[in-house]
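After this come two complexes, each holding chain A, first together with chain B and then together with chain C.
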Partner chain A sequence: MSGADAAALWLTVRLALVVTAILLALGTPLGWWLARTRSRARPFVEAVVALPLVLPPTVLGFYLLIGLGPASPIGGAWLELTGGTLTFSFTGLVLASVLYSLPFAVQPLQAAFEAVPEPLLEAAQSLRASPLDAFWSIAVPLSARGFLIAAVLSFAHTIGEFGVVLMVGGNIAGETRVVSIAIYEAVETLSYGDAHALSLILLSFSFAVLLCVALFRRRPARAV
Partner chain B sequence: MPHRSLFFLLVVLGALMRPAAAAEVRVAVAGNFVPAMEALEAAFEAETGHEVTLAAGSTGKLYAQIVHGAPFDVFLAADEDRPARLEAGGMTVPGSRFTYAVGRIVLWAPDGAANEERLKAGDFRRLAVANPSLAPYGAAAMQVIGAVGVEEALAPKLVLGEDVGQAFAFVRTGNAELGFVALSQILALPEEERGGWWTPAQALYTPVRQDAALLRRGAENEAATAFLDFLRSAAGRAVLERYGYGDGAE
Partner chain C sequence: MRSDALEVEAVVRYRDFTLDVAQRFPPSGCTAVFGPSGSGKSTLLRAVAGFVRPQAGRIAFGEAVWFEAGAGRFVPPHRRPVGSVFQDGRLFPHLSVERNLAYAQKRGQRREQAFGLDEVVEAFALGDLLSRSPATLSGGEGRRVALARTLLCGPRLLLLDEPLAGLDGGRKAEILPYLEALIARFALPVLLVSHDAREAALLAERTAVMSGGRIAAFGPTAEVLSAEGIAGHAGSVLTGTVAGHDEEAWLTTIETGAGAVFVPLARERAVGAAVRLYVDPRNVALATAPPRGLSIRNVLSAQVASVQPEPGTAFAEIVLDAAGDPLRSQITKAAAAELALDEGQAVFALIKSASFDD
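What follows is the complex of A and B.
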């Protein structure tokens, strides 16, 4: 494996780690709200969260190319602040990946939070625990498996991202040239050796991840 | 009347699965040539009554598909290399390969200021180029950048599209201020959106020769032969000229 391929692998892992951290931070309040709210907005928010599951990455990529571009309000403000463009940058990829993998974090968390028994939370509140306190000391430990699945799926899905990155990345080594792009380029230039090496790594990794998730889902819940 | 409904069903199925008409030519065409190809298609169909079906993609992808048995009669590539490889592999009709168009690359700036001085000044954030290891237009662009002597200065500003179509899209959407694109792409735009462009001297880069080949599947297809003849005719060359391509004699 060449140095460029190793750099692409490392960049991909870095991207996936950052995206997973952000998704857990973002997905927890969002998943909690979706699990507990009686608001009429809930189905709309659920549908928006699930959109990346259905939309072709080209649609998301196309909108991001326009929405993050220097001519857009977001891309323009970013340019004012940092002097760089959002598209073709690592930050831009993080933003794109957070959107793209959002359902993979929110949905397992929401499912886990929905399974937290309401009486337990009410009991905590009657003992004068603040809602935040009740959340941390009851809901979070009970939802540990949901957090783990959300983290693993977000990480894995970001590693496997291709179409969106192809459209807004610009294939810059060390910045936006992730593994899937490197494989694509290797295939297009008939470098099947490189393509095989990287593909095998991704294949083994993806299988290992899915196996872990399957094993975790099977294990019976521990008694509380 | 079960027989009649069965017959009806067969007729409908038959109509849906209608085999391609005898005089149909399937053309695999490189992305950059699609606007010109559509104009050629209309003129060719009007003149001969044959039918053209297009499959557009990057030259590398179309090449891989043809190698793996894709049902195309004619291949219009964006380079010389892939048709030559197909010929060497015995997948074309021997002797059918020829240069149908010579692409011209231009430095394009929608804001109007595109010239050699601006490349040297580097007063822009991003320059879009097709990936030189994938696309002949990208390789040509890198040669121009090298000839102007700004290769190192521009390296951090380069963004690579997978083909010249994506390089064009990066500039068109405002994500890059400048880009090396095909002249044909700009000429396909409405006049008021063309901005400015600089045409580097042909001596600065290896001409982007785009080769065509008659594939083995099309050997007996009269529409395929007729189309390749049309491509070389005066009428065909006039279309090429209008879309910014030179002919193979250049």
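What follows is the complex of A and C.
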């Protein structure tokens, strides 16, 4: 494997780690809200969160390209502030990936939170736990599996994306050239050896991740 | 120790049900909240605990105002010094028994009245259960842990919502002594929701009878539960004091105004303590002369207060005056006719000791 391929791999892992961290931080309150709210806004928020599941990545990528571009308010402000554009940068890639993988974090968390019995949270409050305390001490441990699945799926899905990355990030080595782009380029330039190596790595990784999730889903929870 | 009265004035409206109560609960002892399901017992408790916010009214515990509709005041559940024990125990499944207890203790530590862990573990005989997971506990064991856990959070008022619900007869008998001990030993004011008159009679010195979202009657348990036509149960409650325990015969003697009653040994009751006995009318037989050659040991002197034939059945309800306590007896109309029972007549009421064994 060439140095460029290794750089693409490392960039991909870095991107996936950052995106997963952001998604867990974002998905936890959002998933909790969706699981517990009686607000009429809930179905709308749920639909928006699920959009990346059905939209072609090019559609999302197109809107992001416009929304984050230097001509847009966000992209313009970013340019003012940092002197660089948001599109075709690592930061832009992170933003796009967070949106693209949002349902993969929010949906498992929401499902896990919905399974936390309200009576247990009441019991915690009757024992002097504030709602936030009850969330951390009861809801989070009981949703541990949901957190793991959300993290693994966010990580894996970020690694596997292509369309959005291509639209928003382009193909800048060391900045936006992730593995899936590198494979595409290798095929375009008929470097099938490189394409084989990188593809095999992604294939084995994805399979291993999904196997882990499947195994973990079956394991019964234990009291400590 | 400070003790405060609980004053509840609350209106809670649901689509098809309204709770509307105004009641002061005295600052000590156990008050039963008694009534059929759907009468608002649990809603009342949830309003006191803070899990339900009434539309109108005021809830105060001593000086502390927990809810006041006009002032927009609402103290959330975790800031009320209330210990709730729920019907289903609600132990945290991901924590061992010990850590369930520690959960409450940690959060109750700074309260003035938190009981020690050792004391509570001993009182509920939890020593052998500490390392177990809640999923492996029997129904009765789970209830004991739930009661102990609630005490550890330092409550100044206990709310017990049918703590024996869902347990079979044997398990109930296993938990009852712990409940009695809890009420006596930890000396907290208790509101006990129950739809079982026997349970209320056994545990509570006062009873509030609920019906259709309102408190229909409130007063001493014996008086309230024996009053006619309340909450559709037919039993009566005798008041007495513990006269002594006979370990050999396995009996405890209760002295009532109308005579001694022998019940299965109840060691946990101190001699001299006031007790209430719930008597099912079907277990009360009548005789017009002192009976002889009979296995029944409990013979009370009473007077017939009224004879009421139950239309469409073989039975008649005889209400007796047993030294001031009303005592009901259900016998056949034929037997009532044969004995020629009349108001004011002196009779002997016979109660099987086995009927007190629950």
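By our rule, the second predicted complex is superposed on the first by the 220 of 224 C-alpha atoms of A that agree within 3 Å, B and C clash if a C-alpha of one lies under 4 Å from a C-alpha of the other, contacts with A are read in each partner's own complex, and residues count from 1 in each chain.
The rule is simple: a residue touches a chain if its C-beta (ideal position, glycine included) is under 8 Å from a C-beta of that chain, and two chains touch if they have at least 3 such contacts.
Keep in mind that this is a model prediction, so the values were computed, not measured.
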Quiz item: In the superposed model on chain A, is it clash or fit for chain B and chain C?
Solution: fit
Practice problem: Mind working out whether A:170 is in touch with chain B, chain C, both or neither, as first, second, both or neither? | Solution: first
Exercise. Considering only the touch criterion stated at the top, classify A:142 as touching first (chain B), second (chain C), both, or neither.
Key: second
Exercise. From the overlay on chain A, compute the angle at chain A's CA centre subtended by chain B and chain C, rounding to the nearest 10 degrees.
Key: 150
Quiz item: Touch check for A:40: first (chain B), second (chain C), both, or neither?
Solution: neither
Exercise. With the two complexes superposed on chain A, say which partner A:65 touches: chain B (first), chain C (second), both, or neither.
Key: first
Practice problem: Pick out the closest CA atoms of chain B and chain C after fitting on chain A and give their distance in Å. | Solution: 52
Practice problem: Mind listing the chain A positions that touch chain C in their complex? | Solution: 119-120, 122-131, 133-134, 137-138, 141-142, 221-224
Self-check item: chain B residues touching chain A - in the complex, by the definition given at the top
Solution: 58, 60-61, 64, 125-126, 128, 131, 133-134, 158-162, 166, 169-170, 173-175
Self-check item: Residues of chain A defined as touching chain B within the complex
Solution: 65-66, 68-71, 84-85, 87-88, 166-167, 170-172, 184-185, 187-190
Self-check item: Touch list for chain C against partner chain A, complex
Solution: 49, 51, 76-78, 82-84, 86, 88, 90, 92-96, 99, 103-104, 107-108, 111, 133-135, 149-150, 153-154
